[in-house]
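Please go over the structures that come below.
Two complexes come next, and they have one chain in common, subunit A, joined by subunit B in the first and subunit C in the second.
So, the complex of A and B:
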């Protein structure tokens, strides 16, 4: 960034401090998470145990570490794409779960598992394709509905498209080979990170990292794209193309992550709201804030999921519960106003 | 378009290329069991997709139906009946069999020894209606004509094979006790164990089915260090077998690898035919996994032999196997010579009203319920309509009326009162017109604490009971009460008082 820190307005400086603070929290939480687990005793593994016990070492390096990274990545991707969707559609009530992206991605992945052999890259590209298709369908449908305002129309269209995809997924589940394919699909729809190992982790990196980088680089354009097309055009923005690139990056990374972690709800809706509330609605700061906060949120939920009981708690249940409860709480506060 | 946008697009395209290059050589997301090329001693009955499904394994070499059809075809006539199929000599030659004695094993777990020098050019494997092969051995005793032969392996020298039938558990018993073990499990994986496991954990779906087999071994009770809760407890039956069971640690549902590792197992036993993500994650922690499946008698005998090997007690595995084999042999003798046309048509239904909706459904073709009916000498009318590999198929009354089976057996969902279900069915004017209902040939399938139709060790009780109901005359000598006693005393070592107080009151054998 070319502006020197000394010239920053106070609001900006505060936001920067908060971003750095969030970053530190995330890194600290990642480090702490490495010591959290069920082996040898519940909740916490002492560092000397990790040094002396070879099994604890293996568990920490081969299971906990990829899982921690995956959780952070899931949180970052879902929150960032939620933020992007909310700004581009000028609609504070959308995320990938509401616009047919998640339902489309799960349909695509199920289709790949049932009809295309279920290889990792077919599952991911199929999930991305149908996720994007779901988004496009929701958007076009939303434009054609002739009543209600834009927020309502888009959400309605998204619900309809998601329902269509869900019925398609049910048909595929019905057709699937119950021994080999059905467990895959079911796992997919439940969501969770308990099966993540290094190879799974490495498979999603080629899509998610470039997508996150693109979103980060182009985040300042989001402010312009959230205006009406005419306004944006007059400011020198080729709205259609840029919007497409941003959407593609958001949807592809979501689909890639969803293809490994399953459907994890509410992250993409709630985290951007909190980030904007904290850091202001300027995407320059809100988007990185969403990413960091999303990483912290999902990682914390996943730590609970894997350490609280002696069996795994499905991650999607935790994120939905915490996310929805939080959402209600901030909506009921007097000073709350929707920002986008 | 701005320069930044262009950079964005270019890097995005590049990243997609990266994905294609990076992901293409990755292994498939779902590991599919490879066609078995297992060591000789490992029995193989791993269900595969139709195209690659081996019909027959000879000395560890897999043959599909197509492979068999490519070999020399012969036909033979015995007692006026014509058989045609592949020459057994040609099959043995193709598999390069050098041994002097072979054992033929059927899908129901039955096996018979044959001396290779007795096999003439007339001996053949006849293709049957199920897509398998039946052994037809003119000149040899009928006891060695193994129906639905799935495997040919090295047999015992002929002088010790007078009985004809040998427990299949012998396969893994050749392994040295205590030493390193190499097994092929139900998922077709090779399991290497450097030494006998001392801390065993049983998790995954249906852990009670595995546990009920494990608890037939004294070592199994000792070495089990934990299991997984499904519902209220892992099993309502095992506390009666061994009160210590209640003190075994139980994990909550769906434990992950680390939660399993916390029990410090040196072997994890799971049920299934496909290795799942948990096995992959456990492999990262160097914890070996043995899969069992238990869904058919053949799988039961293989899994039993594997358990005998990992528990270091193959002798007990043989004892258990011979308990089952002697009863299978009795059923085989009792139904010998029955023409298909003379067999009663049988309909086995599961009746449930989960969530208030009544569903009537029939089991899959390869499921234990279907095999129980076939082995007991019944003709399962639902066979054509059933799922090929897994799952119940819901049927409506029109279909049931069309089948109009001679005998109907109703498996009643455990939360329902079986007597009420059967009374309601009989009172239903639709059901009253059915042949079986008119003749009083509608029964509740028996259960004690667990159902006898399930793919858990009780299947042998279900099979015997079915035989007595299908052919009361042929199986007059089977006394089910004595069988029950034998089952719980010989297999679980329970005493009479224990069985009488804890098991017998829960047995529902004659609800009709």
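So, the complex of A and C:
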């Protein structure tokens, strides 16, 4: 490893150092987050309190820890999926929020809550099904729109599909029982992790961990799949099959996390963008970078969401605010161009 | 290399895109010799690209047989084919800011399995490919920032990193200015001299005359004439191919094609 590493070009070595740095930041933030919260006192729980107070201990282990892991997973999954969707659709301006996946998943979940009894597995599978359907509809629609280039067409199609789903979700909200069902749906649309428990985590792990592993293992192939079919074919790539596997992993893991966390916007768009800026566009580095950076970003937002005020700030509001502000800031910079 | 020196042999190859359509490629018989540059020349819509895509395996063979290096085309797996045949498409589109080296490294895909990442040896080979294409100095530049000629050379390097014996190029000079076209053709000659078999399509007879050892003239999917460039390049053949009066003259030993109004 060390012998080989000396042969690496400087940018690759720098990227590796940055990846290790990001990993350390993520682990440190996870540790610090365990001591952050509103009990026993606001903001920070001193280590000796955690050692001596059994209630604080239980709180940290049974509420904070699963929530920290969930935040990291949400960030990793959304960012990795965003990166995958961007490369597969050869479009740096898409993410699951723009392609009808998130809107479809929340429509599916609302439908499950209102019409199918709202059990965990029905909510998740409904979310996954309508998420995939949203993606397929956006893609097919994008191919048929006769306006603008591929980047714009796909974004327009995604906006239209998402709007259709949103209106469907509004109808469901209107029909929902205001005491039993509406709060569940509202939670979805705002997005947040306050209800996350260990059983929730155990439900999503069998989907998200294998999906993340698949995306990580196949990360270099993403570069190949970002080429046109003619080129991918000439390189011996079974583009259709490989794209399907990667899309399935991306959408299934997104739907699983969204079914627990609700709509967490802008992560999948902005994080891969920053990761490419820091680590280069080669998915071999940008994808793990997106995962780590996404974990850091969502965990930091969730720490703010649960610590800043005595009441909880919905996480989706925070990520959208920070993400959109960041997006505007880099767009308004003089040297801005969409980092591809 | 096959013993008889034939790299590619087509026997009665036909193809149509949809049932009921006219044949895009109509009973084509042709041979390509190893270590030569062969130009498939014809007007737009004459079936050049279709023929190239058939050779690549991107389109399924409907009728006839194709032989590559003495072995039936149908007997190759896609992976084997991608190690034997490299493609330089007409209009390569690289959306993301891959560096030229990262891009050339994609050419190693046929030699890696699904779960493998490129190794230092692959990086070496990609770098060698950049040197061969004369763009080693651009290794760290993002591909989307390159000029048309540089991008075309980067695509050639990417195909060379596949270590193919046969290189297919679809209209390699059609978007390029004179200097860049010369540069590409120079690289192709050097590759031929190094033993590669090169097949290119072009609608420009002067580009074919400048570089090709052999020419296959296509019109409406049929071969009008095929053979050494000096034999095939006659006013009669080219006029028939393009459907307009064409004159072939020799200037300082080079064939030049002129069309008259």
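The definition used in the following text is that the second predicted complex is superposed on the first by the 337 of 340 C-alpha atoms of A that agree within 3 Å, B and C clash if a C-alpha of one lies under 4 Å from a C-alpha of the other, contacts with A are read in each partner's own complex, and residues count from 1 in each chain.
Quick note on the criterion: a contact is a pair of C-beta atoms (placed from the backbone, for glycine too) under 8 Å apart; a residue touches a chain by one contact, two chains touch by 3 or more.
Source: prediction; values computed, not measured.
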item	value
Touching partner for A:11 - first (subunit B), second (subunit C), both, neither	second
Touched subunit A residues, subunit B compared with subunit C	B
Touching partner for A:38 - first (subunit B), second (subunit C), both, neither	first
Partner chain in contact with A:276 - subunit B first, subunit C second, else both or neither	second
Subunit B versus subunit C as contact partner of A:218, first or second or both or neither	both
Touching partner for A:87 - first (subunit B), second (subunit C), both, neither	second
Touching partner for A:226 - first (subunit B), second (subunit C), both, neither	second
Which of subunit B and subunit C A:240 touches, first, second, both or neither	neither
Touched partner set for A:284, first subunit B, second subunit C, both or neither	second
Subunit A positions touched by subunit B in one structure and by subunit C in the second	217-218, 221, 236, 238, 242
Residues of subunit B that touch subunit A when the two form their complex	1-2, 4-5, 7-9, 11-12, 14-16, 18-20, 22-24, 26-30, 32, 47, 49, 228-229, 251-259, 261-262, 264, 273-274, 276-278, 280-281, 284-286, 387, 389-391
Residue ranges of subunit A touching subunit B (in the complex, touch as defined)	37-42, 55, 58-59, 62-64, 113, 117-121, 123-125, 177-181, 183-184, 187, 194-195, 197, 199, 203, 206-207, 209-211, 213-214, 217-218, 221, 236, 238, 241-242, 245, 248-249, 306, 309-312, 314
Interface residues, subunit C side, partner subunit A - complex	53, 56-58, 78-79, 81-83, 85-87, 89, 92-99, 101-102, 106-107, 109-110, 114-115, 117-118, 120, 123, 140, 142, 144, 159, 162
Complex contact set, residues of subunit A against subunit C	4, 7, 9, 11, 87, 90-92, 217-218, 220-221, 223-224, 226-228, 230-231, 233-238, 242, 276, 280-282, 284, 339-340
